[in-house]
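Each of the two complexes below includes chain A, the first together with chain B, the second together with chain C.
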Partner chain A sequence: MPKKRKNDPFKSFLNWLENGGNALDDEMQDALREETDEPSAPEPKKKAARKAAGKQTEEFRPKRAYADTWWYRLLAVIVAVVLIGLLLETVERMPRFGEADTLMDSELTEFYVKHTKEDTGALNIVTGIILDYRGFDTLGESHVLFIAVCTVLLMLSIYGERDEQNRLLQGEMERHFEPGDDVILQSAARVLTPLVFILGIYIILNGHLSPGGGFSGGAVLGAGLILYQNAFGYEKIEKFFTYKTFKGVSVCSLMFYSLAKGYHFFTGANRLDSHIPNGIPGNILSGGLLLPLNFVVGCVVACTMYALFTMFRKGEF
Partner chain B sequence: MTTMLWWQNLPLFMIVGALICAAVCSVLRAKAARAVMTVLSALECAGMGILLYFTLTRNESFVFAMGEIGAPFGNELRVGAAEALVGLLFAGVMFLAVLGGWKQFTADIAPNRVNLYAAVFCLLTAAMAAMTFTNDLFTAYVFIEISTIAACALILSRNQGRTMLAAARYMIMNLLGSGLFLLGLSILYVLTGHLLFQQLGEAVRNLAAENRYPMPMYISFLLMTLGIAIKSALYPFHTWLPGAYSTATATSSAILSSVVSKMYIFLLVKIFFRAAGTDVFARRIEDVLFLYAMVGVIMGSLHAILQHHMMRMIAYSSVAQIGYIFLGISLGTEAGFAAALFHILAHSSAKSMLFLAGNKLRAAAGDRDTFPALRGAAKKTPLAALAFLVGALSLVGVPVLGGFASKVYLAKAAVELGGWRMVLLLADLLVSTALNVGYMLRTVLTLYRPAEEPGTEPAPKTKDAPFAFAMGALIVINICLGVFASPVMDWIQQGIAMFV
Partner chain C sequence: MEALNVILLLFMIVCAIAVAATKNLLAAVITFMAQGLAMSVVWMLLQSPDLAITEAAVGAGVSSILMFAALKKIHAIREKGEAEDAEEAEE
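Moving on, here comes the complex of A and B:
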């Protein structure tokens, strides 16, 4: 029975229907199964199994994948074109930007423009909205960054504790091939890095007063860290920023963020006084929780950017 | 609004607590991180239970404003009986999945990865709670993002080439789904200017009454439905599913199959019921969904029959079962929604059990899950085989088990509706039940047949108390869903009444 399976028309039909989604897996597993389950199988079968197994490692995609056939590509193009056409038509029929009498600029917009300053103490309405009115979304969004780093770490930590030696060796190798001592880059970085850091800190701390905030300022800080690392290498940067610093800073920031926001939600929903003064709008120390929240968001974003860069570069932190 | 009662603060604590646990877990040692993750899921369970009790006894839902300024300017959570019931099952499955996969988890996940796994697990718990409770479309999207990445991490945490491949495929398909959802969501926001379900529903109804922007509105709901259909593996979009479910570690595959894909469907129910207005825009989309679901039910079962590997077979049977849920939703009536929700409960409890037991059986058969290798596995792990039997019977739809009740409710909802849908749905149910019997029975028979070479391997008796506990609890849940189907159905209907 297993001999006939590969040319079974019904199965090919099914495979065709699902666009070769698991053609690879099935073929591979069949081949492996034959190899493991029937050790006394005749020689040609084994050859086929090896061939199928080799295919995956060498080209990563078997020849029969439907993604390679002309009609599959044609179908993909047709679907894409139809979807694009549909979406363009939709945009054409949607209300124009700024057009009066649309629901888009109704009560919400007006409310935010009128009340943000008084409710949150922020001159920058965007910060007021993302960190106060819709603070829950932003809390989730910060954790998206965190989970991205966790997942990349999980993916790249392929060396178990037993392979510690191997891991260190790998790290050595990566460092060895690092480009270094680029005079032009180093001279430029010497001038630019402090400026970039100052700009980042300024954007974060003034998030509630002027355009900017934790996310944009954090991105600037992260870019500064990456620039510094590129110019001077890991030894220099690890004097003040290691994996431990990263863990400490991002975990503390996230915990503070969750606790602060949780407190704020709790008092808000229960109609309790939160005892957090809003201050005078326009002062640097104003806006209640906005300033510290911008600060921790900035820390998280900077750490995440640098961590993703380092991890993909070195294969570890 | 008056101040909240003590239990009405629970949703907040459940979500923020899970987020804090995630941050803490990432720096803990392996053992402590695992303890945190187990305790957290148990606590979430308790919280959901309390919420369910109070919402049922008071017979009303409540709104929890996230911040001082409530609707429509800030975020909101909203908890009713349906949310609490579905959440209770999700949290329960997560807890039991952690226990049931305990041994395999130790073998599959390297100790230096356990803390990261635990962090991701906690974030997934938070996303589950938030997505179940949220009353806000954009919050739902944020937590869709978290759960997508979390699911990916759960798949690839087992360090194998195959899981990497499955995770990559999962990521690509699911990001496409998230993207389509976001696209639909932003179009809807431009049209209505609202994100909270309540206000959204009203605005949609007003626009529909004036017949303004009908086409963008359709496209927007269509894109959101398409996104969720991809993410929950409705038939033609299911290609990421078998690899992901069959290769991940037991805990992960149980959670992925029973919690992650189902919470998107629950979100879709909320969107259809509360935002799209079942009488206005959901109508035509439901017709399309009906066709896809019907084809999916049959094709999923056919695929399952053709598999040579047990785990892949179970995974494909998920495709068919997802089809059932979408069938219920696409009926568009309240009874249909209720049947779909009931099927979410029945399928989650049965499928998580099948995955946990299946992984155990695979381990007993020497880490192989081809059918010849599985012969006689029941003797080596009788409890796993028993659990598998119960789960399989439930999915087939044998009386006294949850699957039977859900199929009956589905058929009832179709009969109430009448028309061509009823005929098609009943025929579909009949055919697919026959197919279900085919593949499930074959597996069960294989398991209970004597091994080909009897006596070569003396059954190594290993004690696995957490697994035994998890299996026992899941079997009880399955039987309870079947025996006490009508009270559970009453709760669901009460919950749906609170939706409005």
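Moving on, here comes the complex of A and C:
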């Protein structure tokens, strides 16, 4: 495939239309080729494992059937251009940023600003909206995260019996290279991890009082878990966080969320008293269901972040 | 404050173009990370701290790490052990 980089853009575009590009750039292709062309002289075990992994990447390279035809690429360009045009047009029609009369005619905004505090007991209106008025949406979002993890699990365990050994080998490799014993990373992580965890817990528990909430705090917690894993390896983290923990925490959290929200909807729709006091706005124990809901959402998000990372690294939990 | 806003927005535009233009995938992910960080400061200036926290944690942190993991899976980043082995092979 001839590469003409310094030519004028239109010509190189035509060239691309005719020949197509490669998703992997030259350097990576060379790396792959080197790996597969390695002489099969007596080599250490580590290398054999890597070779197996290399072959795997060879196998899983996408076949270019449709993407090889010129009309496919032309259509791709047309779709992209139309999409960009549509989006720009939409932006043009949106209200200008920072103008005084933006959304002045919206009753909803006023309603939320006026009633959130007494309705939900939350000082942070955003949390009041997403966990109380729009609690059903957030329930769906939490489930989407969980379903994403389940899908990744399914996708990565699709190898079947034949490649079972390959997969195990890959997991072994990841374990073999972990931890890197990086002094800089480890000393930084030793200081940062507790701070990150405390910040995450603070954000979650104060979700109804100050900016933040379940999702942000959970993401911070997940990032902390990933940092800890990167610095100290799987063995350390598996002392307190395993696949079992992930399953238990995620499922319990989602079930609690569903039950709490179901109870709330049931009592609300039938105009019954839910017996959950709102408390004094501003206290940490206030806002009715908001605090526990923030907590469970944080748990689900933290688990999901870490689970996605681990599964992509090891191919299993 | 206006000047800071302009600087941040220009920085983000430059970063966004650099991500698309660069050939080095590792550099692209790191540039993307920088863009996410600038974005979180911009959210803060737009008075939405909720989004700023989330953007800093997800946009600059977790998503970049996931991309690093993906790059490692497709062997675009060489590991310490691998690099040493490659040197040995060259010798």
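The definition used in the following text is that the second predicted complex is superposed on the first by the 219 of 317 C-alpha atoms of A that agree within 3 Å, B and C clash if a C-alpha of one lies under 4 Å from a C-alpha of the other, contacts with A are read in each partner's own complex, and residues count from 1 in each chain.
In this text, a contact is a pair of C-beta atoms (placed from the backbone, for glycine too) under 8 Å apart; a residue touches a chain by one contact, two chains touch by 3 or more.
On a predicted model such as this, the values are computed, not experimentally measured, just so you know.
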Touched partner set for A:223, first chain B, second chain C, both or neither: second
Which superposed partner A:211 touches (first chain B, second chain C, both, neither): second
First, second, both or neither for A:143, with chain B first and chain C second: first
More chain A residues in contact - chain B or chain C: B
Which of chain B and chain C A:313 touches, first, second, both or neither: second
Which of chain B and chain C A:191 touches, first, second, both or neither: neither
Where chain A meets both chain C and chain B, residue numbers: 25
Of all residues in chain C, those that touch chain A in their complex: 23, 25, 49-50, 52-54, 57-58, 61-62, 65-66, 69-70, 72-76, 78-82, 85-86, 89
Residue numbers on chain A that touch chain C, as the complex places them: 24-25, 27-28, 31-32, 34-35, 38, 46-47, 50, 53-54, 57, 124, 126, 177, 180, 203, 211-213, 215-217, 219-220, 222-223, 226, 305, 308-309, 312-313
Of all residues in chain B, those that touch chain A in their complex: 1-4, 9, 12-13, 16, 19-20, 22-24, 26-27, 64-69, 72-75, 110-113, 116-117, 119-120, 123, 126-127, 130, 136, 138-139, 142-143, 145-146, 149-150, 152-153, 156-157, 159, 162, 164, 167, 183, 187, 189-194, 203, 207, 213, 215-216, 219-220, 236, 238-240, 242-243, 299, 302-303, 306, 308-309, 312, 368, 370, 372-373
For the chain A and chain B complex, residues of the former touching the latter: 11, 14, 17-19, 21-22, 25, 29-30, 33, 36-37, 86-87, 89-90, 93-95, 102-109, 111-112, 119, 132-137, 139-141, 143-144, 146-148, 150-151, 153-155, 157-158, 160-161, 247, 251, 254-255, 258-259, 261-262, 264-272, 274
